[in-house]
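Notes to accompany the following structure.
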Amino acid sequence: MQIHRVVRDMVTSKRNFWLAAKSLRVVEDCTGNLEVALDPIGAKPGDFVVTIGVSAARIAAGNPKITTDLTIGGIIDHWDEESWRG
Amino acid sequence: MQIHRVVRDMVTSKRNFWLAAKSLRVVEDCTGNLEVALDPIGAKPGDFVVTIGVSAARIAAGNPKITTDLTIGGIIDHWDEESWRG
Amino acid sequence: MQIHRVVRDMVTSKRNFWLAAKSLRVVEDCTGNLEVALDPIGAKPGDFVVTIGVSAARIAAGNPKITTDLTIGGIIDHWDEESWRG
Amino acid sequence: MQIHRVVRDMVTSKRNFWLAAKSLRVVEDCTGNLEVALDPIGAKPGDFVVTIGVSAARIAAGNPKITTDLTIGGIIDHWDEESWRG
Amino acid sequence: MQIHRVVRDMVTSKRNFWLAAKSLRVVEDCTGNLEVALDPIGAKPGDFVVTIGVSAARIAAGNPKITTDLTIGGIIDHWDEESWRG
């Protein structure tokens, strides 16, 4: 699993059926690289989160038909952003 | 999920059976690296899209027998290309 | 899916049962990095191909028991090698 | 499978149901890049471990419903940290 | 699939149940990066091998319950190490 920081919500006009009603967040890794994660937990911008990839992402979404390859699995209590960015 | 920009259509003469009637697009990431994504939504060149990988890509294609490992899952409404390219 | 160029055949003396009778090709990406792909289509050295990864690679091989993680899914009609190598 | 060093425990306040009662460890690779692994074995900070990814990570967790994409699969007896870091 | 060179055996004291009786090898890619692969074929240090990843790795291990994400699928007859390392 990876450590990401939530940047903001992701708004899309046309969207795949199984993603249609889901919360998507833009997240960044320690190098600033952006990805998009499904959020079944309710993370806010600035939160550090543990993200789950591959087939486990679909299970973590609560329904394996949900077409996600990255899902937020937990909110990290304390994280040292400065040492993370290196 | 990743953020990609649609570059153009991908034309192939000989193609796997399960991909045969599908729309394929050449997409690029923020570094200009090219990949090929199945497009069940109808994105146009220049659109910024959310792409879905691994086993979720097959489900997002509408039929898990479709042999894709990257499928366009949504068209992003507004995206700041300049900050994306960094 | 990725864009690869076929380099040559891959010859192996001892091989996994499910790969035993299959055509394997050495392929390269735009940086010259080499991988090995199963080829159910019949691509020739120099051909540019679309390759399919993860679980979709097994389906594209025609039988999900075939132990491939990269399968050639189509031959690209025209590809600009110079702009690809950047 | 990858070779990781256990750095410390990962504490999260809100967590996915299937991860709720599991031990998570922050692990680093030879470049210092951090990831999070589920630990069904009981590794301690400083241990070098073999980590298992993709769908095998769920099986290694003891229950394929457990939403992990990286699971500690073994503790390495002796490992030369200096040559590993290169 | 990837091209790896076998470096040595991997010895672990505590190990996941499904890996317990299996041969594990430390392998390196063309940049010297180390990974660990399950070896159902019997490769020796110095051999160049084709390795199989993701879910296909479990099938190549002979039993999809075996928790591997990288399995040796064949021994390469002749490989030019110097051009491989670039």
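Note that the chains are named A, B, C, D and E in the order they appear, and that numbering of residues resets to 1 at the start of each chain.
We take it that a contact is a pair of C-beta atoms (placed from the backbone, for glycine too) under 8 Å apart; a residue touches a chain by one contact, two chains touch by 3 or more.
Being a predicted model, the structure only gives us computed values, none of them experimental.
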Neighbouring chains shared between chain C and chain D, ordered by label: E
Chain copies touching (chain B, chain C) - same or different residues, decided at half shared: different
Chain B and chain E, separation of their C-alpha mean positions in angstrom: 32
Inter-chain centre distance, chain D versus chain E - centres from mean C-alpha coordinates, in Å: 20
Residue numbers of chain C (touch at least two other chains): 53-55, 57
Pairwise touch network: line, ring, star, complete, or other: ring
Circular arrangement of chains, read from chain A onward through chain B: A, B, C, E, D
Parts of chain C lying in touch with chain B, wherever the complex brings them together: 1-3, 30, 40-42, 50, 52-57, 59-60, 71, 73-78, 84, 86
Interfacial residue positions of chain A with respect to chain B in the complex: 10-16, 18-19, 24, 26, 32-38, 53-55, 57-58, 65-70
